[in-house]
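Heads up, the next two complexes both have chain A, just with different partners, chain B and then chain C.
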Partner chain A sequence: MTDNKVYYTVETGDNLICQKCGIPLVKTEAVFEYLNNSFPVELPACPKCGFVYVPEDLALGKVLSVEKVLEDK
Partner chain B sequence: MDHFKERSTRDYFQKKLYTMEELFKRENRCIYEEPAFCHAACPLGLDAKKLAFFIEKGAFSDARAMLEHITPFPMILAYGCDAPCEKACRMNEVGEGINIRGLERAAMYHGSPKGGKGLFKFKKKQKAAVFGSDLFSLFLAGELARKSYPTSFYVNQKDAISLLKDCAPFLLKDDLVNEAKRLENMDIKILYSSNLTKEFFESEKDNFDIIATSRSFLDMCFPNDIPNKETLLAPISNILSSQDSNPSVLQSIFDARRAGVSVDRISQGLDPASSRGEEGSRESRLYTNMNEAIPSNQIYEPENGYITKEAIEEASRCIQCKCEECIKHCVFLQDTGKYPKKLTREIFNNVDIIMGDHMMNKTINSCSLCGQCTVTCPNGYDMAEICLDARENMVSTTKMALAYHEFALLDMLFSNNEAFLSKPQVGYEKCKYVFFPGCQAGAIAPDAVFKAYVDLSKRLDGGVGLINGCCGAIAKWAGRTAIYEECEEQLKNEINKLGNPLIIAACPTCKKTLEEMLKIEVKGIWDVLNEIGLPKGALEYDRPLIMHDSCSARGDSDMQASIRKLTNSLGCTLKDVPYNGDMSECCGYGGLVSYVNKELASKMAQSCTKDEDVPFISYCMACRDRFAREKRESMHVLELVYAAPAGNPPDISKKRKNRLSLKRKLLEEIWKEEVIVINPEYKIVISEDVAKILDERMILEEDVYSVIEAYHEDGSAVYDEIDGTLTSSLRKGNVTFWLKFKKDEPDVYIILGAYSHRMKVRVRYE
Partner chain C sequence: MIEIISKTKSVCPICLKRIDANKIVGKDGYIYMQKSCFEHGDFETLIWEGDLKSYLDWAKLSKEGLSPTNTKKSEKGCPYDCGLCENHKSESCCVLLELTNRCNLKCPVCFATAGEGVEKDLSLKEIETQFDMLLKRKTRKGLFNIQLSGGEPTLRDDLADIIALGRKKGFSYFQLNTNGVRIAKETGYAKYLKDAGVSSVFLQFDGLRDSTYKILRGIPLLDIKLKAIEYCAKVGLGVVLVPTVTFNVNEDEIGAIIDFAQSKHPAIRGVHFQPLSYFGRCELESRTKITIPRMLKHIEEQSFNKIKASDFSGGGAESPYCSFHASYRRMSDGTFKSLPKKQDQSCCDVSNARNFVSRQWSGPSIVGNTTSCCSTKDPFDEFIENTIRDTFTISGMVFQDAYDLDLERLRRCKICEVDSEYGMVPFCSYNLTNIKGEALYRK
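Right, the complex of A and B next:
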């Protein structure tokens, strides 16, 4: 894994607000980890508390398909 | 929770599934690849089944190419062969066998010769000579030319037509001309009108490396030199000739083929007798189920052969002998598109791979382990054992992803922890019996379980204890031996505490699993009910029903008979269907298929219930549930016995709630124990549509409560300003659950959607 590489980016609209901190989520460098593999991505997250938001279409789409590939590695 | 530690793709463990010897032994039981009987009977190896297949499809040229590949003079074969293939044809058993020679002739008449010049071949260095004309020498000359030996053919006839006429007098005129043309087009130097004397032979022979002769010419030159039976090589003269002095047409052609092999061996400086490969006809181990063959007679073949329509009609009588007994009624094998031998090898290879993609993992986990193949296969092929061995192997080498079976395993642990109950009958410390209803009975028909326990404890003497939990089948099916062993220890302890009573199981899988696990006899509740009679209030059922036998009752004729006796006493009329009893198909629950491959599990349940509009009765709660989920009317026999219809099939959350409610009801009403239930401070509203999504996505209501609980305490969520919804998440075990909801009143949460993923997510550089 190279630190600069980003596998997936979710654009953050300005409609998402962190309920706890009351501030908008911003596009943040995040990482998915599974079965000792990790993938750098950019996801909406709260800049204060670090709550990372994984939208439904990402979870049931790309994330699920990568999970399945890794499970059979 | 050590059992639920995720694997790493960077662990490189490997353990052979079987030794090669064991693998071959297993593979050898599958006869799918065996040749058809006609094919095996032909010493030349002509696949008559394939020939008929081509002709049935109207592909006469493909059929012709097969014949031209097998022999240099196909028309001589088609007319002169004594056709052991036709004698071996299985259609002879139900009518007339296929007219294979007629089909060969039709292929030659109606098929076009293969176009193109073919591959450029270098001529071989060794020169060959064939002296004298008989069928053997003619065919051998043809074979040698095809093998690219510069071949000289010395014959006393004046032209090709006379030569063919002498060798194959049975050919029709047109065919004679055609085969003569074929001979002339071959790369053979034919020396017509040769004076075939011994002196001539002596003067010519030194110009050649390989010499073959007709048998009569050999007898003339070397009267006592008899060719070897296998190599066709005469030991004194080193001449190749036919072994029999008056061979049949087929024998001559076969001898020429074998002499050709000897020529290859000799020209390479090798022993002509060794490493010749498989030659001649053989016995086929193929099994063909003739029950489905429609008896018919041959289509009449006119003297000048079939027209295309007639040939196609004759070829379509061929039943294309093959053994697919296991595949016919196994949805799993049909889905893989593979026969057991091939599937076994692919599973073996899959287990063998250390790094890279394991393409067969899902397949290995999609077998219902029901054992139907072992019964339908004429050789008892056990695909279930192979899939289970592979699962255990993969678990032991950390190749098995938890994702496949985690939900089912956690459900099993739920049955044996939160929902587990083990008690002696009130008033007893030790019991003579213990009722073991099984986890699915409590999950699907809790009322029937409750009533059954009350009934048994009233009507049986000596005390009836209760153990309500999982028998361990789920861990076994998942290949998780460590969890299975823990279950074994737990159950042994509980049974011991109850004074080692006789177990009365209400589930065939529990009965089978407990018998294997505890090495004791386990009785089915159906046997007990047959002995003590039906309880008062049992429902009589006067509509016809189909009995669906459980896969765990396969091979257990006593259990199958006992159930029928019970349903008979309930007044049920059972409709006879071909695939029940030992041949019964799996409902899709077995082997945890419904957790791994939902679509396939649905197909399995549909296959069990196809073409039947009669309700199903079963003695396995999982079968009852799987059919009901496919919208087929089905019931468990205990629902009738105890007048406790279970209604619509419960979703995954309701199955858990049912088990907990049953435990609570049993404790409160029978053992008079107070059960404290703590209700949360908030209310959660789940609509029917959302409940459906939760069921499909295997998200439990319990998980929903966990996410809300966490939000309730911490307040972490994303607020969407556009639709005013909140989305919160919680990592629970190996899964992150996400919940979309709205807060209606201060403590009321309306759930709008849910999803989950197994990957962990975090901010980088935190």
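Right, the complex of A and C next:
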């Protein structure tokens, strides 16, 4: 990742805990892949098991919009 | 032995009386509609130049959509109660407002028979009444796309007022159905349309030969069309080319039209073919219709297999036998790659089709490369913007006339004409005429 790129970023806050490992999530670089397209993001993830938290507004907002523009009528 | 594959209802092309019709497999393996009028005899029309399997496969993914709300009671049965009546099976996607019957051309073929009879422009008050009527019949998810039509709508000088009125009522997509003459001839007119809020220019564009225009439009028009496209591109008005494809006239120009459109993409957003139907004014001798398989064969052959017939699907909200469409994405090397087909064609409401049209046929928000070092958009937003800009559509609609009208298809129509007396009338019943040119609805 280079510095001049803009990422979709979600701050972790203090209240996101990995249910499996019981430790707080930390902001981590990740890549969304969809139909051969990559979307670099920074999302909360568990430093132990690697679980990435995808907030609802990303899934039902931006990701759904991406899906829609790729849909034929 | 003739194999009957299904039964439906149609009309007699002479008296427009409702009659039984059979769809059959002909001796050549193609699909035909056969019907008999007690008074006027037997009629047979080719409806599908492909075998039975291809005919049935075409509809495999199609499901009926939601029926419209606020309908009227049917008394005489289809197609005599349109407006819409309780038997209609699909909500509307796009509605046509015929703002004037005046025209600056006198085309030998014109479904609206424009330029004949007493000149009539809808008053702003009448247009407001039509908008209000549409608001009462809005679909479950949002308002209709509006097509400003005619006659030639650009002969009016108040399009900006009409669009402002429509926007005030809540409508957001305004497609201008035009021959492009005024856009080409009047300096600044394209900008006026852009500023007025026109979303997309639906441009009559029959080919790249003047001989084609002489036959279909009465005069050579290629230079006019090219200028209109250039001026729309300059101001960022999205253009969709609309060729009327006619037997023995411009069937061989299909590939060239697509090539030309792709060379002007993203300013040209797509091509929407309309094989000629025999209603309204038609001074041509031939009555041969061009079916969907024939269109797709032409597209495949004339693009030298770059575009494949298998890229295309039938209509989602409307009957699959009314339309075909495919979407492509322009790649960085300038080639166009087919986008995956939607597997579920159910389109439980027409909002999918309506949103697709509004998104893809409007002018690209940014022309050129947006991937720069200084972009402030996140990758999702950038992707969405680039994808919309880079998508190119090829589609077509096969209108029905008195020869091949299938009332089952008509009940699923999603394109309606707005009429002050009748309300929302499906396009193919509104324009239906018998062989003498007499109409059921159009005055």
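By our rule, the second predicted complex is superposed on the first by the 63 of 73 C-alpha atoms of A that agree within 3 Å, B and C clash if a C-alpha of one lies under 4 Å from a C-alpha of the other, contacts with A are read in each partner's own complex, and residues count from 1 in each chain.
By our rule, a contact is a pair of C-beta atoms (placed from the backbone, for glycine too) under 8 Å apart; a residue touches a chain by one contact, two chains touch by 3 or more.
All figures in this text were calculated on a predicted structure; none of them were measured in a lab.
Does chain A have more residues touched by chain B or by chain C?
B
Would you sort A:59 into first (chain B), second (chain C), both or neither based on which partner it touches?
So A:59 only meets chain B here.
Looking at A:8 after the superposition, I want to know if it touches chain B, chain C, both of them or none. Which is it: first, second, both, neither?
second
For A:50, using the defined touch cut-off, is the partner it touches chain B, chain C, both, or neither? Pick first, second, both or neither.
first
Considering only touches as defined above, state whether A:70 meets chain B (first), chain C (second), both or neither.
both
Check the residue A:25 against both partner chains and state whether it touches chain B (first), chain C (second), both, or neither.
first
Touch check for A:37: first (chain B), second (chain C), both, or neither?
The answer is both, since A:37 touches chain B and chain C.
Do chain B and chain C touch any of the same residues on chain A, and if so, which?
Looking at chain A, the two contact sets intersect at 35, 37, 40, 63, 66, 69-73.
Hey, which residues of chain B end up touching chain A in the complex?
Within the complex, chain B contacts chain A at residues 6-10, 355-359, 361-362, 401, 403-404, 714-722, 726-729, 736, 738, 740, 753, 755-766.
Using the touch definition up top, name the residues of chain A that touch chain B in the complex.
15-20, 25, 28-37, 40, 43-45, 49-54, 56, 59-60, 63-64, 66-67, 69-73
Given the complex with chain A, which residues does chain C contribute to the contact?
Residues of chain C touching chain A: 313, 316, 325-327, 339-342, 347, 352-353, 355-357, 359, 373-381, 383-384, 387-388, 391.
Under the touch definition given earlier, write down the residues of chain A that touch chain C in their complex.
4-8, 35, 37-41, 62-63, 65-66, 68-73
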